[in-house]
Structures are given as structure tokens and as C-alpha cells.
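Heads up, the next two complexes both have chain A, just with different partners, chain B and then chain C.
Take a look at the complex of A and B:
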């Protein structure tokens, strides 16, 4: 999938991705700014903390939209396969880390990093899958 | 329960998953006993890390066998159903983890034990499996 090619679904995905990442940056700055100035507590604090997570969840939704809109069956297949490798890798890393945390008390891994790990695995698996099916 | 499954690939998958579940429980008990009874002198030594990782190996095995099942299943519709469920599970678990992680970071929410991520993923995959099945009934 490339943002510069003639594929309309891929182009729409890239636009949505750029907008979502911009919203993420803005919501993160907003949430941290409010926390530093107003020190909210209770439900308001939780709601504000979840605000920057929404665009990150949106990244998954727009990838799902891309898969639904993509006409090229091979590209869709690569997208689905890469997501499966992504979640497989993420669950493997998370489970190993979880047991190490429980038994050896290593540093706590923030759960929000799991989505970063997921996209790293997706990113690694796409060229490997393309090479495999070339 | 396993005998009533007609598809050979599904039967193999169920047997392998149950073996992985049994191994995970067994190795968790072994790891817990080793840490409780032996009190390793160096809690951050290589041996401690290896014992701690033991129960995670069957979980990784279960993930691999899910991939093996997808490769072995001849029925394209069944394969499609599982892939859709796994994608639903992926979306659900990553949404929860991202939201919880931000609450941990910004609002000082309690730490989520990462051991719960894997079962939580399958709960989401199970819910999406029901939804997908209802959709295609």
C-alpha cells in the first residue's frame, strides 16, 4: 500500500491517517495541558486521559475501513494477514512480559505501548508477506 | 465435545488448544512453586527469567496453532469467520489497552496486569465471533 499510487482506497487511508495523527497530537497536548494546569480528579480525569486514546483507536477503525474499501483482493489479503501477525506478535510479547512482571518483578509495561508494538509487528510483516507472495 | 466436531482441522485445533491450556496451567503452577519454595538467590538471574517465561510458552504455542488451523482449514467460510473474529478481538483488546494505558499515564489509574491481555483478547474474539455468525446466518 502506497500513498502516492493510483489506488483510491489507499489514498483515502493515507488522508484519514494524517488527520487522525494530527487529532492525536492535538488531543494529547490538550489533555496534558489541562492536567498540568487544573489537576482534575475523578471521572473527569479518566475521561480526559482517554481523550488521546480515541484517535489511536481510530487508527484501527480507519485500517478496517481501508480493508473494506480496498478492491484489490491481494492487497486486502496482505492487510488482513499483517494484522493477524501484528496481534500474534503483540500477544506473545505481552504475555511473556506479563509473566516476567508477575514472577521477576521487571518494570511495568504501559498497556498503551501495546498498540505501538502491534503496529511495529504489522509494519515488519507487510514486506515479509509481500516478499513471500511475490 | 472434541469428538462431536466433524471438521478434522477443527478437531486437531481443539485438541492442540486443550493441550496448550493444560501445559499453561501446569507450568504456571511449576513456576509459582519454584519461586515460592526455592526463593532464588538472584531474583533477576537468568534462571529466574527462564522459569518466569515458562508459562508463556504454551500461550505462544496456542497462537501458533491458531495460525496452523487457519492454514489447515479447508472450509473458506469457517476460515473467514475466524479471521473476522480475530480482527474483532484485535480491535477490542487494543482499544482497551490504549485507553487503560493513557489512564495509567495521565490519571494514575491502577496498573493492569499484562497476563490478562491474552484472555481478554479471546473474550473480545468470542464476542465478535457471535456477532459475525449472527450477521452471516
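Take a look at the complex of A and C:
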């Protein structure tokens, strides 16, 4: 999967990814700005707190959509494998971090970072998987 | 799985990119299948067989 090739499904995925990441950045800035200046409470506070999480959840849906639209079965296979690496890597990092937090009291890892860890593993695994099948 | 894709391709003087274009898949897919690292699905195997005007068994072999 590459944003530079002629694959229509990959191109659509890259466009959706760019838009969603932009929405994520804007929603994060908006939430931080409002919380710092206005100190919202009640339902508004909950809604604002959840707002940046929605585009991150959307990234999973976008990847799912790519897998559904991708006609090249090998590229689909690489996509699914990279998701498995993402899940495995995230579970490994957060499990180790959790035990370190419990026993040696290292800094708490905010669970909202799980998404970032997941996509880092997905991003790293794609070129490695493609190299493996080269 | 072993296959004769490289031979069949060479007989027609097709590059991996040519075959990929005819199959509507990526060149990486053709390479992965050709090197035996990725086994194609049954629909893609049929497509290959039709393209080379032969049978699936004539292209792929499960013998080690």
C-alpha cells in the first residue's frame, strides 16, 4: 500500500487519511484551547474530551474501508498483517509498560496514546512486510 | 507453492509489470506469487490460468 502508486483504493485511503488527520489535529487544538480558557463542565466537558478520539477511531474505519475496497489480494494481505503487527506491538508495549508502572512506578502511560503506538507499529510493519515478500 | 509463472512470462516476453497490468494487481503481488512466497486465491489462480491459456495444475504444483 502506497500513496504514490496507481492503485485507486490506496489513493482513496490516503485522501481519507489526510482529511481525518487534519480533523484530528483541529479537534485536539479546539479541545485543548477550550479546556484551558473556558474550563467547561458537565456534558460539554465530556463531549469535548471525546472529540479528538473520534477521528482516531475513524482511522480504523478508514483502514477497514481500504481493505474492503482493495482489489489486489496481496495488498489486502499486507494490510491485514500490518494491522496484526499493530495490535501485537501495542499489546506488547502497553503490557510491559503496565508492569513497569506497577512495580517500578515509571510515568503513567495515557491510554489515549495506545492509538499512536498502534499506528506507529502499523506504519513500520508495512515496508518491512513488503521487503519480506520482495 | 512452486509455480511456472517466470517461465510462462518469459515465453511471452512479459515483464512482471506487464503481467501485473493484465491481472489488475500490483507488480509486488506478481513477484510474491512468482517467488512462491504468497499463494494466490482460487479466483486469481483461475485468472492466471485463463491468461496463459492453460490449467491451474500446469502453473502451480504443491510438490516439494
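By definition in this document, the second predicted complex is superposed on the first by the 134 of 134 C-alpha atoms of A that agree within 3 Å, B and C clash if a C-alpha of one lies under 4 Å from a C-alpha of the other, contacts with A are read in each partner's own complex, and residues count from 1 in each chain.
As a working rule, a residue touches a chain if its C-beta (ideal position, glycine included) is under 8 Å from a C-beta of that chain, and two chains touch if they have at least 3 such contacts.
Quick caveat: nothing in here was measured; it's all calculated off a predicted structure.
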Superposition on chain A - do chain B and chain C clash or fit: fit
Between chain C and chain B, which one touches more residues of chain A when both complexes sit on the common chain A? B
I'd like to know which partner A:52 touches here: chain B for first, chain C for second, both or neither. first
Which superposed partner A:38 touches (first chain B, second chain C, both, neither): neither
So after the superposition, what angle do chain B and chain C open up at chain A's Cα centre, nearest 10 degrees? 90
Would you check which partner chain A:77 touches, where first means chain B only, second means chain C only, and both and neither mean what they say? second
Just chain B (first), just chain C (second), both, or neither: which does A:96 touch? first
Between chain B (first) and chain C (second), which does A:104 come into contact with in this model arrangement: first, second, both, or neither? first
After superposition on the shared chain, which partner residues are touched by A:60: those of chain B (first), chain C (second), both, or neither? first
Check the residue A:19 against both partner chains and state whether it touches chain B (first), chain C (second), both, or neither. neither
Please provide the least distance in Å between a C-alpha atom of chain B and a C-alpha atom of chain C in the combined superposition. 11
Where on chain A do the contacts with chain B and the contacts with chain C coincide? none
The residues of chain B that touch chain A in their complex are 31-32, 35, 43-44, 48-49, 51-56, 59-60, 63, 66-67, 70, 83, 86-87, 89-91, 93-107, 109, 111-118, 121
Give the list of chain C residues in touch with chain A in this complex. 24-26, 28-29, 31-33, 35, 37-38, 40-41, 44
In their shared complex, chain B is touched by residues of chain A numbered 31-32, 35, 45-46, 48-53, 56-57, 60-61, 64, 80, 83-84, 86-88, 90-92, 94-105, 108-115, 118
Sites on chain A touched by chain C in the complex: 5, 7, 71-75, 77, 130, 132-134
